[in-house]
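There are structures below to look over.
Each of the two complexes below includes chain A, the first together with chain B, the second together with chain C.
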Partner chain A sequence: MSRPHLLLPFVMLVPSLALAIWIIGYPVADLMRMSVHAVNRFGRVGNFVGALNFSEVLTDPLFWASFWRTVVWTVSLTFGTILISIPVAFILNQDFAGRGLTRLIVLLPWAVSATMTGIVWRWTLNGQFGMLNALLTELGLIGQPIEFLATGEVAFPVAILIGILAAVPLTVIIFLGGFSSQPSDVFDAAHIDGAGPVATFRYMTLPLIRPFINIAIVLNVIYAFNSFAIIWILTQGGPANSTDILVTYLYKVAFQYGKLAEASAMSLMMFAFLLVFCTLYARFAIRERAW
Partner chain B sequence: MTRAQKTFVNWLLLSPLLILILLPYAVMLSTALKPATEVFTFPPRWLPENIDLSNFIVIWAKIDFARALLNSLYVSIGATILTLVLAIPAAYAMARYTLPGKGPLRLFLLLTQMISPVVLIIGIFRMMSAQGLINDHLSLILAYSGFSVAFAVWMLQSYFETIPREIEEAAYIDGANWFASLRRIFLPLAMPAIGVTAMFTFIAAWTDFILAFTLLRTPEKLTATMKLFYLVSGTYHVDWNEVMAATLVTTVPIAIIFLLLQKHIVGGLALGAVK
Partner chain C sequence: MRKMRLFSVLSIAALAAVIAAAPASAKTQLHVIVAHFSDHTLTTFQNAAKRFEAAHPDVEINIEDVSWDNLQQRLATDIAGGTPPDVSVIATRWVLDYVQNDIAEPLDSYIKPEFRSRFYENLLKPGTVGGKTYLLPILASTRALYYNKDLYDKAGVTTVPKTWDDLRAASEKVKAKGDGAYGFGIQGKEIETDTYWYYPFWSYGGEIVENGKSGIASDAGIKAAELYRSFIEAGLSQPSPTGSNRQDIETLFKQGRLGALATGPWLRGQIKSEAPKLNYGIAPMPEGTKHLTWGGTDSMMLFKSSPNKELASKFIEEGIFSKETRLEFTLSEGFLPVLKEEMDDPRLANDASLKVFADMLPIAKFAPLMPQWEQVVATTTSALQQIYLGQADAKTALSAAAAQIDKLIAPQ
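The block that comes next holds the complex of A and B.
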């Protein structure tokens, strides 16, 4: 087959690459420039200030509070999501009546978006008129309604639970891929050799889905770290910054407090963290695919 | 264990999660069917005393929700088309030709697909502002495509590599020119992967919060997601019955499409999420 000129593949590649580089490269370059300059609240870039913006961020107590909250948020969201998703995917991989329907329900929150989930839960959790309080009261579990979103101590764990609910579908999909790719003859052999379900799960299923657990951890850490919508919709990081994670605090510093230079410095630090994590993911993915 | 027993046990084990996922839908339905007077009663009740369908009319007339839905469709479809137009040739080039620097290129694609707009949002805002694209749907289409295109190329390339080159070559020998063999032979075979990629891109755009939140300004430009967000935030009084009617209208079509396509989706998602 006579191949088209070698120029052609490059012509085919360049437009998509150009768009990706433009949409990521320009903002990164701009953030780098702003992070080492003074920037007024209208975005005018002034004098070079060196690392001043970075030290401003690192001495800001609210930054550290958001940082630690992000750690708690990311770790519990990732851990909780994976803990729920493995058994769920295991069950959904079995053959039973209504499997299609259960799969559909479990995957639904992914398609309807975290925003919708957040909005409906905000109403469901409403302190006075919310249906969750109605349900708990009817069941006799609580005497008087709980103000779920009024204080950070209650609102933040509640947000974590909703975040887990929103993250479960994609994680289940990852593990479904893992379970469905397992060789069934090995399991038949184990069954014949007298291995019970617990032993099979512990010594065969878990080791076999190990690489999928790695992928799920990295993807969930990235997802949780970036998840802006759920917290913003439920509490907007309030009351009094008590539920802010880094992404919501970043948004406030930039667009509400108008400190663009400090926000840029913060952005870059978060970007660097993400890049490290993405590289980890790339390593797992490369090992999986062996290219 | 018989299949019936297994079915029972599995449903029982899944029930807490299923209830938690479906609870919001019950809440949506319950609230959307109530007149305003019944929404704000204490204690709240699950079943409406009078079923009131006027909420579903009010959302079109009062909050112009049809326009918001159309805006969402416009930016999501626009982003999907742009992404596919750019990604299909790129993925084809990467799957079929030996290119120098292909390894680093794949690494770059893999890394960019993981970067989310949130951490770059200040830079994106300034960039769109410099281009005069604030409050313009084009800015959303460009940004969604920019963040989806790497993933799309990655996914399409994995699939394109599984299509045997010989089929195209056979068509070429039979007298079809390169372009015709591409269009008549290759593209139809690639349709499943293109479909899944399109769906991923569409859903990423449809469910976006941060970009629309940052780049759109005026009410008539808002997407459905943003419209709903502004309805529930900032004001002291929220007409939850109307909001729930609107969320129902937004989510039910997606759920139905999901129901119709579920076989393809689960297979395709497993492909996309892992590979």
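The block that comes next holds the complex of A and C.
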């Protein structure tokens, strides 16, 4: 056998690399160009303006309010999803009658787009005609219907709960993969050594699925950060911008206000933020093999 | 083998069809985009195109309908990509952007005085910029007060509210005796939240722009916002208006759970098909110190980039604004006519409820054309939502919004 060709792996990377550059590289390059020029509503690129668009965005109080709300949204969505998904996946991994059907029911919502989820919940939560209010009134729990989407204080947490619900199926699949790839012999050994279920879960299961938790965190952070449909459909970021996250505000700036240059600057910052997060996370958490 | 032969015969036939179709493209093509007003819109304009093509055999017209949600973005993309249509429907308030970017063609050289005089004159005003006519209105709408006759009877309201104070008194009675019905619907969410507040704002003498500055924090603005706030606080409106968009309050009205609301002529059609038993009346918009109402138009625009402007303007006049097309449009969409001759048709002339709206055309006030309009709307809406939620009093919220708007609209 001759030595494997040194160049061959790189040559084989070329097609996918070219595709990636075409799909990701070109739009990013275009965004960079627009972010340092004046651009009118119709996308016509005008004079070079330097960092003006960036400073406009950074001095916009609504941008910062949306930014901090995005952090809350992303962190709560990610941790909420993982907290729910681990026990759900753990149970679905046990052997019980009807497991196939239960798995199907848990995973089925994944087939429903976030847009449809949003529309269904918008109707369910409606103060005057919504199912949820009808149910709560029927049960005698509330005397007055609750307008779930009328104030930011209620609407935003509600949106987070719905976001978690939409993210659980995929995360459960990730953890199911984790649980089913666990070697059974070490668990048998622990059982013989007298480890109880709690100790087993805490000291064996959790460490073993840690790489899967890492993947779930990265995927959910990216998903939540860019998640537009649920908030847009429920509240359009309102009332009074109290539920705007960066993507919904970005949409308004770009397509309602027609400020394409500022929107380009904003989306570049969001892209950079996500990129830095994922790189740092990959460096510190996923590469660390100390478990 | 047989299959092979069949296949080659088919492909030759297909090729022949392509070749045969080629001369068809020698016809002059017009690309027209219309907004999707209803499921009948496309048919109306396709019928107009067919009649025009029959009269001009060398012309081929492609009509495309695009939903309102996508229209602005779609046109922007087409313009940026160098493939704009020849003619398109646009929301009249967008006109400044199209004029400032040299995209709209002034129509004055194409429309003869006879054609121009067929329109209600004040409907041409919103599409006029710098003395030039850029837009022709294809529909008009005004807003009026819908009231539930059964609820008003039950509550002992004997006269239809004429002023905002009357409306409050009537709403109090509905609240007291209406079996859980709400007095007056207030919109506080999504598109036209600001419009709903212009009704009292304008009637108290307010102006959206005064001497180049925002006028929303004027006495009229504060009075109008406090009026709505007082409805909300006293439980005379549906609870938490910031959770209700236009469809939500219209649904409440259709369900018979709302004493009154202000909206446009389209609700008549919806009630007819969805709640035919609802016993309701339509009255002019309540008065403050002035009697006026909100007026709006959507319009046809000719693109400067069109290679066939002469022909396109001919299609506008003979196709889109033929009496036949106009009647089909007005009757199927339920908006107000824009040509005086439309009211000669008995189906429109004898429609009493349409008449309430049409009678208000002369007192209809149009939102001013101003740059950054969408952002001005967003800022105003945000301030109103804070007031409706009780997070800020009317003066504070409106003054802050006005200061922001001043910055937006200041000449740069």
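Criterion: the second predicted complex is superposed on the first by the 256 of 291 C-alpha atoms of A that agree within 3 Å, B and C clash if a C-alpha of one lies under 4 Å from a C-alpha of the other, contacts with A are read in each partner's own complex, and residues count from 1 in each chain.
Rule of thumb we're sticking to: a contact is a pair of C-beta atoms (placed from the backbone, for glycine too) under 8 Å apart; a residue touches a chain by one contact, two chains touch by 3 or more.
Predicted model, so just to flag it, every value in this text is computed and none were measured.
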Quick check on the superposed pair: does A:N241 touch chain B, chain C, both, or neither? Answer first, second, both or neither. second
On the A-aligned overlay, A:Y257 touches which partner chain: chain B = first, chain C = second, or both, or neither? second
Now for A:T102: first (chain B), second (chain C), both, or neither, which partner does it touch? first
Report for A:P27: first if it touches chain B alone, second if chain C alone, otherwise both or neither. first
Where does A:N40 make contact in the superposed view: on chain B (first), on chain C (second), on both, or on neither? second
Quick one: chain B or chain C, who's touching more of chain A? B
Determine, under the contact definition given at the top, whether A:L139 touches first (chain B), second (chain C), both, or neither. neither
Touching A:Q128, do we find chain B (first), chain C (second), both, or neither? both
Which of the two partners, first being chain B and second being chain C, lies in contact with A:V198: first, second, both, or neither? neither
Quick check on the superposed pair: does A:L7 touch chain B, chain C, both, or neither? Answer first, second, both or neither. neither
Could you tell me which stretches of chain A are touched by chain B in one complex and by chain C in the other? 43, 126, 128-129, 145, 236, 255
In the complex with chain C, residue positions of chain A that touch it: 40-44, 126-129, 144-145, 147-151, 235-236, 238-241, 252, 255-258
Could you please specify the touching residues of chain C with respect to chain A in the complex? 72-73, 75-77, 79-80, 97, 101, 103, 188-190, 238-244, 248, 251-252, 257, 372, 374-375, 378, 381-383, 385-386, 388-389, 391
Chain B residues touching chain A - in the complex, by the definition given at the top: 3-4, 6-7, 10-11, 13-14, 17-18, 20-24, 26-28, 30-31, 39-46, 86-87, 89-90, 92-94, 96-97, 99, 103, 105-107, 109-112, 114-116, 118-124, 126-127, 129, 142-143, 145-147, 149-150, 152-153, 168-169, 172-173, 178, 203, 206-207, 209-210, 213-214, 225, 228-229, 232-233, 238, 240, 243-244, 247, 250-251, 254-255, 257-259, 262, 265-266, 269-271, 273-275
Show me the residue ranges of chain A that touch chain B in the complex, using the header's touch definition. 1, 3-4, 6, 8-10, 12-13, 15-17, 19-20, 22-24, 26-31, 34, 43, 84, 87-88, 91, 94-100, 102-117, 119-124, 126, 128-135, 137, 145, 165, 168, 170, 173-174, 176-178, 180, 212, 215, 219, 222, 226, 228-229, 232-233, 236, 247, 250-251, 254-255, 260, 263-264, 267, 270-271, 274-275, 277-279, 281-282, 285, 288-289, 291
